[in-house]
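In the two complexes below, subunit A is the common chain; its partner is subunit B in one and subunit C in the other.
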Partner chain A sequence: MTRQEILATIRDILADVLDNESLQLTESSTAEQVEDWDSINQVKLLIGLENELNFRFSAQEVEGLKNVGALIDLVQRKVSAQT
Partner chain B sequence: MSYCAINLPWLREPPADFAARCRAAGESLDAAGRELQFLANSRLSSRQATQLARAVRRCHEKHRDLNPLSPFRLGVLSGATADLLLDDLVAAAARHGVALEIIAAPFDQVVQQAFDPESLINTAKVDAVLIAVDHRWLKLDRPVLGEDSAAAVAQGVEQLKQVVEALRTHGGAPAILQTVPVPSLPLFGSFDRRVRGSMRAMLDDANRAIGSLAEEAGGFLLDVAALAEQVGTDGWFDPVQWAAYKLPFSANCTPIYADHLGRLLGAIRGKTRKCLVLDLDNTVWGGVVGDDGVAGLFLSQGDPRGEAFIAVQRSALELRERGIILAVCSKNDEAVARTSFREHPEMLLKEEHFAAFQANWVDKPSNLEAIAKALNIGLDALVLLDDNPAERAQVRAALPEVAVPELPNDPTWFAWHLRAAGYFEAVAFSAEDRLRVASYAADAQRSAVMAKARDLGEYLASLEMKIVFSPFDAKGRQRIAQLINKTNQFNLTTRRYTEGEVAEMEAAPSLFTMQVRLSDKFGDLGMIGIVICRSSPQDASTWEIDSWLMSCRVLGRKVEDAMLAKVVSEARMRGIRRLLGLYIPSPKNSMVASHYEKLGFHLRNRDARDRSEWELAVADYAPPGLPMICEDHYPADSDGSSKLPVMESAEDARAG
Partner chain C sequence: MPDPKAEFPEGAGPNLVISDWTVLPAAFRPDDIAMLTGATELDRTRFLTLSDALQEARARAADVALKSQLMDFLYSKTRYSSISRGDWEEQVRIATALDENITRRGSAALLREIGQSIDRAIKAKIKRQLTSAPTVAVCYHGGFSVPRRKLFARMFPEGVVIAASGKHAAHDGAFALFAAREAVLDRRPALMSPDGRFGREAGTINVLGAQLPVTEGAPFLAHTTNAAVVWFALLRKENGFTLEVSPGPQPDKGERFSDFRDRFYRFYVDRLEEAFTGDPSNLPLSVNWKLTFGAMLAGKVYRQRRPTRSRDETQHSDSD
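Here is the complex of A and B:
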């Protein structure tokens, strides 16, 4: 998966979770900048990614993700570890 | 797909326009409650549960009437992260007839909320408070060896008891308590059961005490331990999601947990279903009694196919024992259906177990309405168990209040689907429950209820049927012979032909033969109809319909109309002016006594033995509108020119 594809996947899941179809997201977006992106919606996003892409995060991996770019890094590692 | 309760396999898939319908129900629709219950009654993804919960919330915000859903305000106290459950809870409650409003306390504030008279939960005027705690909150998350393990159990349960009492005192609401599943972390292995301080032994003790506490405190019990056992505790607990997000159990289990709580809330609001309605052929027994006869049914111990149906019957009887009414709704000849209950030696169900018995050829929605009326209960009190997906779809479309579990192809799982779906959730059980069944049965005994047919045009169109007509051929030969020899009910003349005779018909110039196949969006029904016409020895422009038979599976779908339209069009192309239909009564074919009359034939003659002859002038026939796509494999071009010699008179016929 390319970073662009992962970003699009993250955006789609988060748009559903936040009920905001027009959500705009970039690699530098952080939770603080997006309305309603709280810790619960973060959990929904992470579980949504696991279900969508068929891998499981470990507890350590999901700690301290500083922005969307960092999450893309992590997802890229998980996806490439699968193949 | 193998049976897996976590996927709620008894629910159908949501409609394709689910999201749009949720939005509409949340905004403008009048009958929002009914619509939301219909939408909720499907297998929802977490995203769909959220969409549905939003619609319910919007209706609440606007104080819209959500009838027939009953309102329920539920306080939620949790020792972990409960936020991820809430949307699923609202959706599942709607499925079970409840318009749920949730007042959720912040993370891990159980004791604080209970003891503070001014707390959110105590001031919210809730109808009940769910206390969602597990072994971790009870401090029973590790073995207590060498010390007093009984004291540890007592201490945990005592803390829970104080919370229940405080909520009762300050807020006035009853509690919904949860039993506690046992994580599979063996210490000694099998020996854990015999060590009093093992987690398994302590949690078993705690669960017994929690059950008693619910009863003493006038509260309710959600048996989460049983649910986790059903799912499998290794799939229930998720140590990663606990460590990372403090989820009390795996997010995969949220839908089934929510459904179990929804059932309980529905039961508290009196929404429990009262009556199990059973289809007969291939649901209560294996085979089609009208065709196979009582002796031909699969219903024997020791026979794998028969045991599946014995399990269905036993399930029905067990439910009846606890007060669930039983009824029959089957496309069958009533006398034939009743005979099976009387005469089959291994039949567990008997006629007297049924409070209503609708075996006829009327559509099922009308019969279910008749059953509800006869028993004087609502349609929302009925559950229909039926192996036929088309019948299930028809009932769901016409009567969304009736619960209709999805069933797999393998009948071995029927009883599992029925029992796991939770239609008969109870919060009490009394002696009267058991007596009620007998009184219903007496009331309704033989109350023959006339059911009226309904306009099914829309339903038939929704089936997306395709019908295919072909002359007899070698490929179909075996099945043609089987149908000719097995079909008893929809069979006008009951003439039997061997496979060899069928083979000869394939090339016989004086015969017009037709095999009919039907498929719909639920699948291929295979070959379901046969027609054989013979040129009349007296009049070359007349076809005598030697045989006309159909599988009863496709009754009420206008298949016979389509078959006649095809026969007539082929007759026209071959210069035939007249069709002669014959009805020969048999002990089993009374359902087709007026077959030709219904199709527009005129009675020509009826003899002393009730054989009747019917006539149709090809020129007078106008093909009806048909709810299906028709295809044929006859050697004639679509423009009407035939490869067979066409008599001159055919032109006259077509002109008329």
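Here is the complex of A and C:
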């Protein structure tokens, strides 16, 4: 998957979680910048990515994710490890 | 020097908070502990035995800061009304002072003594119960909360304790919740206190007439892992302590989150009210709950929430 494809997947899942279809995300977006993106919704996003892309994150992997770009980096590593 | 871990039958777990309650062998003297933990001059003497901590608690019980209006209110709700008002209040004061002594001036030796005072068969049964199926244990900021949390971490060294500080600190709620989910799915229990200050307020619950703002973290964790919920309590018994686990709700197949959340909070309110109307010797009053009931008596709601991931936290991160 390309970074753009992963970003689109993250956006779609988060838009569903937050019930905000007009959600716009960039690689520099952070949870603090998006209304209602709290800890529970962050976990829902991670679970959604696991279900969509068929892998499991470990807790250590998701610790300290600073922005969407960091999450894309992580997803890329997980997808690469599958192939 | 003895191995400090060997002094705890359950072993010292990864949730140990060194800065909060340093685990040191009993051979260390209070001055050694004070030096190593950076305790202030006023806090240099740590209690090494439960009897010392209890004796001091009894001696200063009358000076514990508890307002008579609050005592009147709670006594009006107690199920122990056969005890005189004076005797009831004295027991609450001793419990509160004892909890303060354990929390602020407790040593590793004292924690070990508390752990050892609990019947081994009870500990073994609880260990089996909480590891036989995905389990979310809940408690509150009261009722000897610090030793309870420490004992849980020792009984379940691979479990997760979500607290204000430590490896799974509540201020990083996403990581703490995700780690708890991982643990619970792996039959490693998680412990959390839904009456804590971190997280986005999702509503209020009514505890003896007081409105308590709550989050959805604990019911979300149980719902997303299909875990059993239990109430995890540390109670004084005779000259020591015991543990009690009370079964709570578990999500039904296909149950909507909002329905489960409501069941979860009905259970949680029942357990809180059971504690606040129960045995006064097991009713240490924490600052949180003194403020919560105090606000109610003043016709207000005590709001202590701190969002874990929002602009508000950024703005107020240094406020308290």
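Annotations for the structure displayed:
Methods note: the second predicted complex is superposed on the first by the 83 of 83 C-alpha atoms of A that agree within 3 Å, B and C clash if a C-alpha of one lies under 4 Å from a C-alpha of the other, contacts with A are read in each partner's own complex, and residues count from 1 in each chain.
Basically, contacts are C-beta pairs under 8 Å (C-beta built on N, C-alpha and C of every residue); 3 or more make two chains touch, one makes a residue touch a chain.
This structure is a prediction, so every number in the text was calculated from the model and none was measured.
If you put the two complexes together on subunit A, you find that subunit B and subunit C bump into each other. Touch criterion met: A:Val62 reaches subunit B and subunit C at once.
Number of subunit A residues touched is higher for C, counting subunit B against subunit C. In the superposition on chain A, contact of A:Gln76 is made with neither subunit B nor subunit C.
Of the two partner chains placed by the overlay, only subunit C lies in contact with A:Ala31; subunit B stays clear of it.
In the overlay built on the shared chain, the residue A:Asn20 is in contact with neither subunit B nor subunit C. In the superposition on chain A, contact of A:Ile47 is made with both subunit B and subunit C.
In the superposition on chain A, A:Thr9 makes contact with neither subunit B nor subunit C.
Common to the subunit B and subunit C contact sets on subunit A are residues 40, 43, 46-47, 57-59, 62-63. Every residue of subunit B that touches subunit A in the complex is listed here, in rising order: 46-47, 50, 54, 81, 83-84, 240-241, 243-245, 247, 251. If you check the complex, the residues on subunit A that touch subunit C are 31-33, 35-40, 42-43, 46-47, 57-59, 62-65. Interface residues of subunit C facing subunit A in the complex, by the touch rule stated above, are 172-179, 181-182, 199-200, 215-217, 220, 224, 307-311, 313-314.
Listed in rising order, the residues of subunit A touching subunit B in the complex are 16-17, 19, 40, 43-44, 46-48, 56-59, 62-63.
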